[in-house]
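Working notes, beginning with the structure itself.
When the chains are written out, they are named A, B, C and D in that same order, and each has its own residue count from 1.
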Amino acid sequence: MPAFLPLRDAVAAHVRDGDVVALEGFTHLIPHAAGHEIARQGRRDLTLVRMTPDLVYDQLIGAGCARRLVFSWGGNPGVGSLHRLRDAVEHGWPRPLELEEHSHAAMAAAWAAGASGLPFAVLRGYAGTDLPTHNPTVRRVTCPFTGESLAAVPALRPDVTVIHAQQADRAGNVRLWGIVGVQKEAVLAARRAALVTVEEVVDDFDAPGVRGPGARDAVAILPSFVVHAISEVPGGAHPSYAAGYTTRDNAFYAAWDAIARDRERFRTWMDAHVLRPEAAGV
Amino acid sequence: MSEFSHPTPTEVLTVAAARAIRDGAVCFVGIGLPSATANLARRTHAPGAVLVYESGVIGARPDVLPLSIGDGELAERATAVVGVPEMFAYWLQGGRIDVGFLGAAQVDRFANLNSTVIGDYDRPTTRLPGAGGAPEIAAAARETIVVVRHSPRVLVERLDFVTTVGHGDGPGARARLGLTGRGPSAVITDLGVLRPDPATCELTLTGVHDGVDPDAVVRATGWPLRVATDLAFLPPPTAHELAVLRDLHARTAAAHGVAAMGA
Amino acid sequence: MPAFLPLRDAVAAHVRDGDVVALEGFTHLIPHAAGHEIARQGRRDLTLVRMTPDLVYDQLIGAGCARRLVFSWGGNPGVGSLHRLRDAVEHGWPRPLELEEHSHAAMAAAWAAGASGLPFAVLRGYAGTDLPTHNPTVRRVTCPFTGESLAAVPALRPDVTVIHAQQADRAGNVRLWGIVGVQKEAVLAARRAALVTVEEVVDDFDAPGVRGPGARDAVAILPSFVVHAISEVPGGAHPSYAAGYTTRDNAFYAAWDAIARDRERFRTWMDAHVLRPEAAGV
Amino acid sequence: MSEFSHPTPTEVLTVAAARAIRDGAVCFVGIGLPSATANLARRTHAPGAVLVYESGVIGARPDVLPLSIGDGELAERATAVVGVPEMFAYWLQGGRIDVGFLGAAQVDRFANLNSTVIGDYDRPTTRLPGAGGAPEIAAAARETIVVVRHSPRVLVERLDFVTTVGHGDGPGARARLGLTGRGPSAVITDLGVLRPDPATCELTLTGVHDGVDPDAVVRATGWPLRVATDLAFLPPPTAHELAVLRDLHARTAAAHGVAAMGA
């Protein structure tokens, strides 16, 4: 049974300096509010894991929280670069950032392996590319039946996983729907804790009047016994979104390009919108 | 088509790429040009095209172009939505994709792609977004279509980084690497269409868009580009194609408050 | 786009003597009617693949259709033995039956590998058991990161997969819900064809009045481009069931014990209920 | 408990096994005795027990006992239903099960199990159903509880076939085999409870049910069974436990038209 906690307390209880932390959510349901809380608490030396770093890691990297990034596509979707990520990689500002760089297929398989309690994932991938040259965690295995050589990557097992979901019920079960990404896998792969921010805590997912998925949506239910802390944070995915509750703030994604392009403007924005204690009211 | 302004190079490119989609084809599409391309095809000659997005959406039928690969617009009215591990394992690696669309920052003469870095990997001049789904899309889709804007900085003699294998170092390379799909069948640009030579796999200019001088395409290419002897002069966008494409962009801009930009 | 065909035509078009055939469905949605049609058409030398052979394979084995069985649990759930399966193994009646015997975990992983286009599956399984001694398809792989030795089994790739689902829509998409088992994997793993019998063909899954899953159900949607033939066969799972349409005929499962225990009684039952041409009207 | 008839051996066994379930424990249960056991616990002292069935059901709350592992009854009002590959990969192998319940045709002194064949594998006297989920349940669950009827044909000196490893050949065996759970913590029978000796892993009689003579248990065991010096005399089923169990079976019989039998 997870604890229902204010976000500040949930992050303080579970996220430590030096942790391997995954904030997952594939475009949809990105846990921005939790990312801001991690920045506000000044966590340092984090290894950040995420298929698509998106704005949430651009902010954490720019705020100096990260030492290392494990990822597979680091852009501002539909807009262009993540300037804070680029500045860290290209100029070491505010501090150098080590990269462990994968393809989507490999990271998705590595999440599934992590959830499955396996030490590695197998995929038909990476063949002929330069990625394994720069990433020693890409190796090969041989099929014991066909002799075929395939790629292997280590399972992802972060210390802490943080996700945003539409709902929790009072028993501590969590439900998300729409584009569900790798969040179930990331929660199950966490070694120490899984934190969930939700749009809403409801009595029961099945009760009349409670919002729910459409007929074609994917649905993921995380039973209470795999979740450690739940924080009710309406709008906690903004500028990402929560299907059924909010819509993606595409204008903010576009506006971020100019904010993040300039170090001073970025700092001013972070101070005003994230780091000042008043911002914690979100 | 008197009421229409002349098509832009990007419109010419988008229409040419859309025409490459057969009706009923299962297309793995990324954001930007590939998405505009596939949605244009679905609204013109290929209403049965199945649009698959790496976010887990199968059979998307968006009314407007998504800005991101995971817009809510994509999941609504889709045939199905699945998790991302399942998308890459069962649907892409499982061999269910007919056509994969890819962009890139650099393309070489064997249609290998770079979307990782310009310059040295450890001290890059420009850090690009990285691989995303590209290496395995190019490996597993039955065929790949590459869509880029034509320039000698894009079509280069040598990639700074091989993110994605097209035809490797030439004939037989894909089989040696265990890549299951046939690889890039075309590189479509705003100047024309390059296809791998059946014997050498080297990209060869097989068609130019309406009004484009083949010599200008050669000059805009970073290697000595071969030109097919039976070079085709590709028909311009029809009034209908342009109208549908512009309507799609107009509705997209109205819906998002911003234009859906290229990836 | 799949063909909408009478069951007789679908089986005749796709199931051949000597095929590796999987009729899947985990207790729920077992394609009994399709199994009966295969018996009626007198297919021979089949390799039958199924985690839980259940009554449907007891019948096919007793009818002499099978040469080999790939399985992980061969009982009459909650009742006892599968007597036709036992008779074939213990006495070679009506013909000997080769066994390729797995655990559930291995077969489930092998189905997922088959759906994924991988040649083999990895699991932490079989360690210390006698199963690998009698099954040469259980081998070992070594993790290239930790050095740990794990079990490997070949991917399941039947020639033909047959399942029963609640619904198809007119475009040929298939939907099943409730306990969804390994059916999506089995369909995607088929080398040559996937056949689906359905309770009902509907205009659109989302249309008002169309039956659908509950809030906690698993749902699997198989897009039209992975299905080859669809046959509308209401009650086609009986004595198994289709959630939302029929209920499990537990009394028949109990009654099967006495029918199958005796060779003559079994033959009489098969003649009357399955093999006579009139039975094809089901 | 005057209005109740004397408990049957199976009822005594079911109640004793149910008592081993802590409130809140995540239990992987098969059909038959394990299912009756877990559902009895959920309706008595362990309302927060989470029942997981290999058919993909997590948090089942059946009103009647399921006849099969995939009865519709199980999916209704469950916390979640997942596919079978996910059940075995993410939930069992992933290490999320506290207690796995297993039956068997044969149990040896190290709580290894046979549910495959009696006699030779290739020419069996009796072909049993086979492994099912057992090998990996016993490997991955934090602990395993084995539930069998006590007889020298069941508790045997030597298994005809090792389907499932309990404590292997004794101390250290599980670690050498890479089995992640702690293995069998108890074999509960209709005569008493056997637990592995902490030093030797050999099953030792640690408790007998009400009215059972410890010597009779030794005689009903196929190896020279050790008896703990501090042998416990286990309290009989309470009137409440029996009433709940009998009510469950009565409603099950009424609902199914047949009794839910042991696996």
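Here is the rule we go by: a contact is a pair of C-beta atoms (placed from the backbone, for glycine too) under 8 Å apart; a residue touches a chain by one contact, two chains touch by 3 or more.
For clarity, every value in this text was computed on a predicted model and none was experimentally measured.
Visitor: Identify the chains adjacent to both chain B and chain C in the sense defined at the top.
Guide: A
Visitor: Across the interfaces A-D and C-D, which one involves more C-beta pairs in contact?
Guide: Of A-D and C-D, it is C-D that has more C-beta pairs in contact.
Visitor: Using Cα averages as centroids, what's the distance between chain A and chain D in whole Å?
Guide: 40
Visitor: List the centre-to-centre spacing of chain B and chain D in whole Å, with centres computed as mean CA coordinates.
Guide: Taking the mean C-alpha position of each chain, the two centres sit 57 Å apart.
Visitor: I'd like the Å distance between the centres of chain A and chain B, where a centre is the mean of that chain's Cα atoms.
Guide: 28
Visitor: Can you list every residue of chain A that touches 2 or more other chains, as numbers and ranges?
Guide: Correct list: 112, 117-118, 123-124, 148, 150, 184-185, 214, 216, 221.
Visitor: Identify all positions of chain D at which a residue touches two or more other chains, and write them in rising order.
Guide: In chain D, 79-80, 89, 93, 140, 180 touch at least two other chains.
Visitor: All pairs of touching chains, please: list them by chain label.
Guide: A-B, A-C, A-D, B-C, C-D
Visitor: Could you list, by residue number, the parts of chain C that touch chain A in their complex?
Guide: 117-120, 122-124, 137, 139-146, 148, 150, 152, 154, 205-206, 212, 214-216, 219, 221
Visitor: Can you list the residues on chain C that touch chain D in the complex?
Guide: Going through chain C, the ones touching chain D are 26-28, 51-52, 71-75, 77-82, 85-86, 89-90, 101-105, 108-109, 111-112, 123-131, 134, 148-150, 178-182, 184-185, 214, 216-218, 220, 241, 243, 247-248, 250-251, 253-254.
Visitor: Inside the complex, what are the residues of chain A that reach chain D?
Guide: Against chain D, the touching part of chain A is residues 1, 112, 115-118, 173, 184-185, 188, 221, 223-226.
Visitor: Would you pull the chain B residues touching chain A in the complex into a rising list?
Guide: Of all residues in chain B, those touching chain A are 31-32, 54-57, 66-72, 74-85, 87-89, 92-93, 116, 121-122, 124-136, 139-140, 161-165, 168, 173, 177-180, 256-258, 260-261, 263.
Visitor: Going by the contact rule at the top, pick out the chain D residues touching chain A in the complex.
Guide: 24, 26, 50, 58-59, 79-80, 89-90, 93-96, 140, 180
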